[in-house]
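The structure appears right after this line, and notes come after that.
So that you can tell them apart, the chains are marked A, B, C, D, E, F, G and H in the order they are listed, and the count of residues begins at 1 in each.
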Amino acid sequence: MDDVPAYLELIAQRLEMGFTAVKFHCWCLPEKDLELCRAAREQFPGTAFMHDVENNYSHEDALRVGQELAELNFTWFEAPFPDWDLDGYRQLTSQVDVPIIPSGNWLMDLQSFGHAVHSGTWTRARTDITCLGGLTPAWEALQLCESAGIGCEVLGWGNTLISAANLHLMLANDCCSYFEQSVPYEPYEYGMLDVIRTDSDGQVTAPDSPGLGVRIDWDAMEAATVHRLVFD
Amino acid sequence: MDDVPAYLELIAQRLEMGFTAVKFHCWCLPEKDLELCRAAREQFPGTAFMHDVENNYSHEDALRVGQELAELNFTWFEAPFPDWDLDGYRQLTSQVDVPIIPSGNWLMDLQSFGHAVHSGTWTRARTDITCLGGLTPAWEALQLCESAGIGCEVLGWGNTLISAANLHLMLANDCCSYFEQSVPYEPYEYGMLDVIRTDSDGQVTAPDSPGLGVRIDWDAMEAATVHRLVFD
Amino acid sequence: MDDVPAYLELIAQRLEMGFTAVKFHCWCLPEKDLELCRAAREQFPGTAFMHDVENNYSHEDALRVGQELAELNFTWFEAPFPDWDLDGYRQLTSQVDVPIIPSGNWLMDLQSFGHAVHSGTWTRARTDITCLGGLTPAWEALQLCESAGIGCEVLGWGNTLISAANLHLMLANDCCSYFEQSVPYEPYEYGMLDVIRTDSDGQVTAPDSPGLGVRIDWDAMEAATVHRLVFD
Amino acid sequence: MDDVPAYLELIAQRLEMGFTAVKFHCWCLPEKDLELCRAAREQFPGTAFMHDVENNYSHEDALRVGQELAELNFTWFEAPFPDWDLDGYRQLTSQVDVPIIPSGNWLMDLQSFGHAVHSGTWTRARTDITCLGGLTPAWEALQLCESAGIGCEVLGWGNTLISAANLHLMLANDCCSYFEQSVPYEPYEYGMLDVIRTDSDGQVTAPDSPGLGVRIDWDAMEAATVHRLVFD
Amino acid sequence: MDDVPAYLELIAQRLEMGFTAVKFHCWCLPEKDLELCRAAREQFPGTAFMHDVENNYSHEDALRVGQELAELNFTWFEAPFPDWDLDGYRQLTSQVDVPIIPSGNWLMDLQSFGHAVHSGTWTRARTDITCLGGLTPAWEALQLCESAGIGCEVLGWGNTLISAANLHLMLANDCCSYFEQSVPYEPYEYGMLDVIRTDSDGQVTAPDSPGLGVRIDWDAMEAATVHRLVFD
Amino acid sequence: MDDVPAYLELIAQRLEMGFTAVKFHCWCLPEKDLELCRAAREQFPGTAFMHDVENNYSHEDALRVGQELAELNFTWFEAPFPDWDLDGYRQLTSQVDVPIIPSGNWLMDLQSFGHAVHSGTWTRARTDITCLGGLTPAWEALQLCESAGIGCEVLGWGNTLISAANLHLMLANDCCSYFEQSVPYEPYEYGMLDVIRTDSDGQVTAPDSPGLGVRIDWDAMEAATVHRLVFD
Amino acid sequence: MDDVPAYLELIAQRLEMGFTAVKFHCWCLPEKDLELCRAAREQFPGTAFMHDVENNYSHEDALRVGQELAELNFTWFEAPFPDWDLDGYRQLTSQVDVPIIPSGNWLMDLQSFGHAVHSGTWTRARTDITCLGGLTPAWEALQLCESAGIGCEVLGWGNTLISAANLHLMLANDCCSYFEQSVPYEPYEYGMLDVIRTDSDGQVTAPDSPGLGVRIDWDAMEAATVHRLVFD
Amino acid sequence: MDDVPAYLELIAQRLEMGFTAVKFHCWCLPEKDLELCRAAREQFPGTAFMHDVENNYSHEDALRVGQELAELNFTWFEAPFPDWDLDGYRQLTSQVDVPIIPSGNWLMDLQSFGHAVHSGTWTRARTDITCLGGLTPAWEALQLCESAGIGCEVLGWGNTLISAANLHLMLANDCCSYFEQSVPYEPYEYGMLDVIRTDSDGQVTAPDSPGLGVRIDWDAMEAATVHRLVFD
């Protein structure tokens, strides 16, 4: 996507398809990004916009862009810095009025996650079952966010098995907003007999079979196996 | 009350009756609440307004609404979060310019109350004799607020006996503003020979009999007794 | 129990019955308490002792007694101050080497509980399902202790229904040590068809029926009902 | 009093008169003071001793002496530094195990007093009605100490009028230990018809007349008046 | 001075006399005070204005007024709270952009003064030789302000002897702006052979005789002596 | 340079020569400086401007000027205070939105430098090899800035030998923006056979010979030697 | 190794072989571990001992054992808790006098590592090139420890390639003490033409060929390849 | 000085000459240094000893040695770490009971010096007129120490001119203990007509001529001049 008009055109198409929220992954160049953000807000005043810069801004860039995103009433500003720059997040979160969230895949223990939550690092947290080591600690992480009074988005990227676990996790807690759907579907559904797909209303439904609710196609799994670790 | 025009109509009626301050308990939905707040301020520029959302906002909602309430010159913003979310209150109080006060009925010991007061949790505190365990600790709580230089509203909800104690407490200290009158009167006056009512100037007067100054109708009390605990 | 020799005699009897740990609830007078502690340690060098003073010591008493309990190798020092004196607990915990635990029945929300845990208030926490408002928040409290790396004792006092819930809670987490058994048994078992009792090895077993695993004797419950609140 | 033996002789005499506690005001020279403290403890193992050095020690002296006073089991160590050296008090209090108290006549507002209490400046506070500006703020100061869980000694030095107010203050609160009696009596009783004197059991009794309970001899007051300020 | 127009008239007169700065001591009622401040700024856009409310505002009043004074480009906002409300000052100083200064006559030791300076209590400090106990500690206080990079106004109110000492103090340091001249002159010059008066250019000159540079009229002093304390 | 028009004329000339950024060293008088800043921004809306006041502002001046520089979209505000006023820098950096940088030649050890970086003292740090004692600690300082996520400008003033080392340092790290070129060239190139000069595109190129890449003219060095220290 | 005598026998054998330091990996049961530690110190008073419990102690166990290890003059106490329990490490490090070090393989970014170092988490840090992502960040980590004045052990476990890089890292900095040699040698040397082995004096020598100084046996590498990722 | 006996012999000689205090500059090897310290204390129980290790210890060494020096009742422990390791000093000062002082020649501005004093970095500070830039800031530094309640040693090393200024500085303040005399005398007295020498009682006397009180031999100064900087 090379320029702002092309991007605006794409947004218009998606909105016609019924989308109500758009997250930008554009150039990660502050001035060019802002140009798009301003134009999008002017053309689509009622749409929810998020801006995700995939850890590519400097502190000074992020402060300036964040202040303008607040004025443009963006829904959130995602991943301005690498996730380990907790000090940078903390400072930015306290300085701008647009919600700040991280990529969410760096902190891997509950104690670090809890310190970040309790010290105002982000407006909303972000994590998932693969980051924290399974459903139990991810569950605790969401409950920790709830008791701290902040929201927590859940990453949804990955194979159907992982998405299913994350989906159950989200629905069992009350601090998440969107389900992240990896597209195109097929590569993420390899080796699965059951899959999770967004319906025509933009909703996903949790499978209601036992366990995670999705069955594995073991033959396909075998066919694609490269190496095998056995823990007896 | 279903919509903004109906609410505005009600406000107009009350102001004609001589009220000068109105506290909103409306929908606790940020966008709809703000719509009312803006309309009320525009129509009644000189009236004192408070907005009470009974612990129902998220941190992000409260920040956004609080900033606009400050611009609309509201007198206070009450109970955005549950009272135990002291961190959330502290952060909000430091970020918006409208006074922030809690519900006031969760902290039940002077040490916790004092920590909250001294760490800038609220712009004004809120408590009463039933929360803190009697007149003496409530008295100390108000003196603690005075020495910290912040105001303290006193809850007035409850039976006449409780209201009388709270009224004496308020008048003996210098950091309270309004007396909260439970209406309709009668259910809250059951079993009392003397009652406390707001006069036609919107003022209440403390009873000047000995003790709390209001006599109990013991026969009525007996008639309504369900269970009796005796401490010898 | 009036004097030290009588208390020592009682300890000797219990140890013969197979007990291996004894918690003192003695006079709550520092000098007299210490006299017993010293005599008990001298006479029973291998027994686990806890000292519980039910919120009755001053800061200076507790520091002095705590230092000596550490030298006497006590297992813990319980409830030196009221539970709301978090500052006092914090200071004592940092000054003495014997583990410090509170009564555990004052903090009623996860945020306050979490602040206390994270600020080094106690060596081990203490709570239960009735303090925090049910199994879910109590579960979160124990997980919070685990992620902070500290133990959490669970109160066991109360009717069989409550004890059953607390017992399940303890067994499902890995940071508790003892089950507190209310004795004599009967008053705490009123209205129950199933009960929880310590076996001859000093162990209790969790009931394995569905739900909490203990059935209510509804006729007995009806017979003892004083008042009934109905929430439709 | 020039040397240690003479001081020990004096202590022996006082203990025969029934005293059970002795506060030293000796040389304020660390080595010589310690010599007396050690000798006194050895000769009178069961007596309560306090050491008051009237703001004359350096930080290093106080640390060394305080550590030894703790080993000698002194009841308290008073006024090692000027009262404004709050940092010095805080550091000493956290380093030694003997209780540390200040002179108590420098802080004159509740906020400063409260900060000192809440930041662990002293083991026990010390103040009186003349320091804080009357009975009301002194009362609040004692309640503040109670809610913080620390003791507060009350200065007793001064004319009978002041002593009477301080005595009422002490008896109405529960965090004081000793009444300080100014001797010889007469100069402190000038202009009074009623006086406060320690009885043969070492106890003082609060006067039970109205007000402070002691009457002024206005003729004597007039006779001694130097200047008169009139506030109409 | 009863109303805003009268006050504005007075300001106009003073400015014609050559004054370039005016400090308001008006009603200490937030709304009425602001009315004057706005009118004065509009009518006299280039004049330096200070607003002194002599410790009479609440925290909420001060925040609101301070924000508007910043917009009106006032030179400073003086004494919104009692000087002991250090927490209140600290909070206000960090929230508004107009310089905040205290009355300056409460803190009487260098350590407290230093803590206040180093913790951002005021934008500029304020003290004098009588508050801190003489020229030496006042000198140290000003040097302490210089090394902290903040200004320090010196109180000038008092007898010529005191004013002379304060004037020397100010001129020997580089962090003061105005000399405060007590008027009318005579009562403050009693008992002095030499006096300090503002010249026609609004400047005062330090006396260059030895010592403080002003001679005492001992006969006049004797004539007015009420009481005499002699320290041998 | 006496007035604003002359300064604007000079800027216009330089921009015609191809410069795209201009750093002001003007009068260090807040009002006059701001006059220039406003005029320059109005006349040259797309140029990068820095304002360097060489440690000459008071805290109040810097706050006011910094706020306006942010509105004028300046690239940075340099050296408002002496470099040792770390508290002043910290406060200013947190209050204004224009990047704040120090002179950079006071802190001479990595620990102090690191504390300043980690406590938000500056928006961007500033140092060089002569301040920190050689290439190795300067290298560590830049890596420390990178891990903290902030930029670090490198001073370039000095003889060619020093400039060469600083240039290599800058190019080997990724947190610097401009090379500072001392002009006129010759005095800074004395005693060197190779020099570093800015090319016609405003770029400098690092020498690629071994070591620092610039050869010394030892005869010239000998000719100018005043004193010789020999360390065997 | 089942019991203390067998362990002592093993230590005796190793010391005869010339070892001067022994690190225990024993039962991770506090009482049994201490029994060994005491016996070893008594039998070998001049030997350097380390105790490594591989993250298996509770906070209370670690405090008790750490205090005794300090008395037994152990060289360090390793990995009492999981590496993410930074709070637990910080508290233990401040409470016991034996040096505390972590496992060192959890923190993977310089900012987290730096926070831990600067907040007194460990007495000595521990990391290596695989934890932090290569030689460059590991180098920065060691320099960061040097500037903070603490030591940093380097993990040595792994294939020869990794050990070689870690060995160069250690020798190029001045804050490491021991080289950790994985034994038996062969499994860790697979696919290498050059290896690193401890000589008869217990020393290792860095290879002095170019690069890491050890050559890879690519044929052996190919033979053992399971899967191949190619980044073009 | 190669071994402990030789050092003890030297101490014995000096004590016979009347010295009462000895500062060690020995091997800076912890074990060997401690051997001397223990032997010296045993042989000379009443002598004041200081141990100066000239910035050569690790944190762990310093903790261990400091603890033993406290038991050996040393007067102070000097320069365990480089002066810029403020964190290391702070930690050591809070952990050992022997007074800790720095070299004193690194901090060169009052703000850094004040932060170190106020954060408990050293037990006693150390500085002089050359470190801080003249008599005025050094004077302020000593007054700052006095108001913080800690001592401040003054370096005395240097030419007579510097020593004279330092001597006046020490005598005019009340927080210094020893005058440091550079010996042998002559090299430090070059170019002076008046000198400062210790008399037979180990005392130095301040010169009482005007100014610093010592006259310069300008001819000698000229004769030794290498280079001349002139500031007009």
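Going forward, contacts are C-beta pairs under 8 Å (C-beta built on N, C-alpha and C of every residue); 3 or more make two chains touch, one makes a residue touch a chain.
Here the structure is a predicted model, which means the values were calculated and not measured.
> Going by the contact rule set out at the top, which chains touch both chain C and chain D?
B
> More than half of C-D's contact pairs recur, by residue number, in one of C-G, A-C or B-D. Which one?
Answer for the repeat of C-D: C-G.
> Just the number, please: Cα centre separation of chain F and chain H in whole Å.
38
> How many angstrom lie between the centres of chain E and chain F, each centre taken as the mean Cα position?
40
> Check each residue of chain G and list the ones that touch at least two other chains.
Expected reply: 82, 85, 87, 110-111, 118, 148-149.
> Output every touching chain pair, sorted by label.
The complete list of chain pairs in contact reads A-B, A-C, A-F, A-G, B-C, B-D, B-E, C-D, C-G, D-E, D-H, E-F, E-H, F-G, F-H, G-H.
> Residues of chain H touching chain D in their complex?
97, 99, 118, 120, 123-124, 148-151
> What residues on chain E touch chain H, complex-wise?
110-111, 114, 118, 140, 143-144, 147-149
> For the complex, which residues does chain A have touching chain G?
Counting only chain A, the residues touching chain G are 82, 84-87, 106, 109-112, 226-227.
> Taking the touch rule as given, give the residues of chain F at its contact with chain E in the complex, in rising order.
Residues 58-60, 63-64, 67, 81-82, 85, 87-88, 91.
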